[in-house]
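There are two complexes below, and they share chain A, which is joined by chain B in the first and by chain C in the second.
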Partner chain A sequence: MRDTEHSGLGTASCIQLTATSEPEGGRASLRRARSSTGTTMHAFKDSGHLFRLAAVFVAGILVFLVLRGFLVPKSFGQYGHYRGNAMAEIAARPVNFAGHETCETCHADVLDKKKDGKHAHVNCEACHGPLAKHADDPASVQPPKLDTAVLCVRCHEANAAKPKTFPQVASADHSTGLPCDTCHQPHSPVIGGGAK
Partner chain B sequence: MPGVEGFMYPNEIELQWSVLIVLYPFLTGLVAGAFILASLERVFRVQAVKPTYRLALLTALSFLLVAPLPLQLHLGHPERSFEMYLTPHRTSAMAMFGFVYVWYLMAVLVLEIWLDYRRDIVVLSESTTGWRRWIYRMMTLGSHNLSERALAIDERVGYLITVIGIPSAFLLHGYVGFIFGSVKANPWWSTPLMPVVFIFSAMVSGIAAVMVLYMLMTWSRGRSIDMRCVDTVARYLFYTFIIDFSLEMLDLIHRIYESDESFRSLDFMVHTKLYLSHIVVQIVLGTVTPIALLGLTQVVKLTEMARKRIYALAGCLTLIGIFAMRWNVVIGGQLFSKSFLGYTTYKMGLVTREGLLVAIVLTVLPLVILWVLVKLLPPWTERNSGLLPDARAAH
Partner chain C sequence: MSISRRHLLLLLPAAAVAWKHVLAGTPESSPNYTMSQHWWGMLIDLPKCIGCGNCVRACQAENDVPDGYFRTWVERYHVSDYDIENPVVDSPDGGKKGFPPAKEESGKNFFVPKLCNHCVESPCTQVCPVGATFVSPDGVVLVDKQYCLGCRYCVQACPYGCRFINPKTDTAEKCTLCYHRITKGLTTACCENCPTGARQLADLKNPKDPIHEFLKTHSVQVLKPNMATHAKVFYAGLDGSVR
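Moving on, here comes the complex of A and B:
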């Protein structure tokens, strides 16, 4: 456990020696004592505790390096500062959005209504949500009904940070809680008139 | 919208950096400041402050251990913080903090404390019993060598570490200032003076904290306060405070003179939303008053009792002032819109993850750690104190 040569009596006498020189002259007397005795051999032995400490540090760094070897994914850094395999994993995930062209192949009637209206450039799934499952199998997967009182304000609620040209309403005044589709037709929202 | 005046961009209405981010530079500042006070004794050989040397080191350690906790709580997912060591991101100042922190903790503070306490640890490992003995034994690393030469080597190496430690302490806190100073989109933060101001305010807060802690602890142990020591510490506090204050005024004058496009907005903020915390608490109460009090002790000959009271008062005010400074930097920088047309309000939670309660716990926690450390490694230089009667009272 401990250095044999410095145990017991040896330690005690050293303590006495240093205790006498406390507190002011401590350092000076130590230095004097140092210059008067000893060889490099001793210097090596007397810094033994420092080597032990260094060993603890080296061990810590080694443990860290080993851990790092285990924890950092192999493909890290392949393309950049991230896990290379993440690309393939993300690509392999199921597709949630079908895209509006897919919807339009079956719902041509909606497209006819929508394409001349103000929502012509708003994609189907921006309002209906991701519906790839429905597009694959329309019979068994029914799209959920939309609540326009919640849906429309997501884009149209008045906010000073939105561009002035974007149509906005303060829904509390404008619709007084009524669902927007009591007056507006969602696929062609402009009420009346040729503009649609 | 309540609490919002004028025009705010939607992402500015709610503050992202909470009171915990205020606490974080405050805690790291105390670490850096306490360490610099300790190095005064060591490197510049200011013997008078010696009674605070070890206490300052232990204070630095206990605050450093708590310093990352506000960040962990703010970000969530503490387990992920280890990843910044595994895959270091060299171009992110925030990501490099992990290394600054570990360097400062392991290579500077722990090492210096260990070397300085090694003799005590060895003696304690022989004089104590039970679990204490095991702790001390572990800390000796199995080497009980207390020969003069060994101690002289410790002294040398300790000195070297302190010399390395001073720039490290500057790095630690300069880094925190850098994080704010380098946010170019925020005119309240973006100034190259920021790291410098942070370093000096850190020194001010650290010195004040150690001074107050020293007086408090000595008093609670029923000992007499070493007035030569406290006088010297207070004098250094006074000097650094003057430098710190001058730097902050320099920054202010520079802003006023430059009067860039953000100035009217910031000026308005300082006179309204930040009036209490900036003008009243930070500048009047937390800076001018303690400087005046400390200045008084330098000019007028006062009794010991009066000096003690003034130091205690000035120290506490200083800490409040520096905390207010962190508050005004962190919170103030988020109260105004980058359009310079609006202002929001900070609503602090109470028992939320980043609320007041957590902030209080995180402020008290370092003191608890310090209490444990002081029990374990008594910092007192007087004889007959702590757990070392057999060693120190030998003569």
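Moving on, here comes the complex of A and C:
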């Protein structure tokens, strides 16, 4: 393969040499040579095309690389095929539920009541709702009052799918329309028995 | 509106500036958190679930999940002892407001909370054409809102139906395992608000995490183990009828 290619080029340059060595010399003779030896001179024209094509490719690749460097975020590929910064952005979201440890630092009295009762493992915000704003600024953000008629039955209304060991009541019969906290202390719900 | 060549030339630098802003991203927000030290999952102790819907409400309040869409939800199963292959499942409003009394008290009735399983071999991240969803180095499957095209491939690919397209942003959305909380040392909103401890966040790389003791002493199962997704949400007391 290589050899034939070489010899092909060889002939082409040979012809060029013969063409320029004509008495008139210079461009005129080359031009005439082209028109006269049409088929062989195509080799020139085609190599020109190839260079132009190559140039287009190189320019294309350069444009691609430049655009890519510009468009692909710096952190893309830092950990894998994704934007590494995405994790920090997701982690930057504000928190709405402060967590029971935060509540307990200020409301130690409630914790004292709660910690020996049956609601010891029910966290503050499970009943009181998201209160991170209140925890940040208790003076200006007041927690909403709770309605025990709605709150308690969410967990305690009897349902066949609830575990049999979980304390359940049929609220209509059990409370006879009274709010649950007329008889039960929300933070320590067992009646009697040392107010647990 | 038609854009002239001159206008386009003016617009391009403006777009470039805007894009630079996107590229910059937000700086690291939890400096004391090292991703390589964690590998997150969750434990769901089914016999403790009372179907109160606290987790669903907490998730929506914590993550601004639009109404009618769920990152976590609770299903109620009714399995007749004469037809254990065909359970009757309901989940009114995702179990957000609890459950009405069971229609059929006979047979077996129980609740199953569901959420993203944070699979290690996650089918949803594999189909993403642009790298907008991924398993983070600490084992959480996340969506990059800025990169997501909203093509819905991942919604189709999740065998557990845990993804949806947020109608406001038109991008894919899912449980982040409260990534903004767990990176600050808090537990997830659903676990924080579970009254019975039926849901527990688990750090599988932390040898002191109670999950290890639990896994040693209980039989646990993942959902659809035959899909080989390597799910990290472990269910204790899971009934064979659960899909």
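Note that in this section the second predicted complex is superposed on the first by the 104 of 196 C-alpha atoms of A that agree within 3 Å, B and C clash if a C-alpha of one lies under 4 Å from a C-alpha of the other, contacts with A are read in each partner's own complex, and residues count from 1 in each chain.
Note that in this section a residue touches a chain if its C-beta (ideal position, glycine included) is under 8 Å from a C-beta of that chain, and two chains touch if they have at least 3 such contacts.
All of these numbers come straight from a predicted model, not from anything done at the bench.
Colleague: After the superposition on A, what does A:121 contact: first (chain B), second (chain C), both or neither?
Modeller: second
Colleague: With the two structures laid over each other on chain A, which partner does A:68 touch: chain B (first), chain C (second), both, or neither?
Modeller: It touches chain B, and chain C stays clear.
Colleague: Considering only touches as defined above, state whether A:161 meets chain B (first), chain C (second), both or neither.
Modeller: A:161: touches chain B and chain C.
Colleague: With both complexes overlaid on chain A, does A:49 touch chain B (first), chain C (second), both or neither?
Modeller: A:49: touches chain B, not chain C.
Colleague: So, does A:57 touch the first partner chain B, the second partner chain C, both, or neither?
Modeller: first
Colleague: Does chain B (first) or chain C (second) touch A:76, or do both, or does neither?
Modeller: both
Colleague: On the A-aligned overlay, A:86 touches which partner chain: chain B = first, chain C = second, or both, or neither?
Modeller: second
Colleague: Name the residues of chain A shared by its contacts with chain B and its contacts with chain C.
Modeller: Residues common to the chain A contacts of chain C and of chain B are 71, 76, 81, 159-161, listed in rising order.
Colleague: Which of the residues in chain A end up touching chain B in this complex?
Modeller: 1-3, 6-7, 10-11, 14-20, 22-24, 27, 30-31, 33-34, 37-38, 42-43, 45-50, 52-53, 56-57, 64, 67-68, 71-72, 76-77, 81, 159-161
Colleague: Which of the residues in chain B come into contact with chain A in the complex?
Modeller: On the chain B side, the touching residues are 7, 9-10, 47, 50, 85-87, 89, 106, 111, 114, 118-119, 122-123, 126, 137, 140-153, 155, 157, 381, 383, 391-395.
Colleague: Going by the contact rule set out above, which residues of chain C touch chain A in the complex?
Modeller: 16, 19, 22-23, 25-30, 33, 35, 47-54, 58, 61-63, 76-78, 97-99, 101-102, 105, 109-111, 131-137, 142, 144-147, 176, 179-181, 183-184, 186-187, 189, 192-197
Colleague: Which of the residues in chain A end up touching chain C in this complex?
Modeller: Per the touch definition, chain A meets chain C at residues 70-71, 73-76, 79-83, 85-97, 99-100, 121-123, 125-126, 129-130, 153-155, 157-163, 166.
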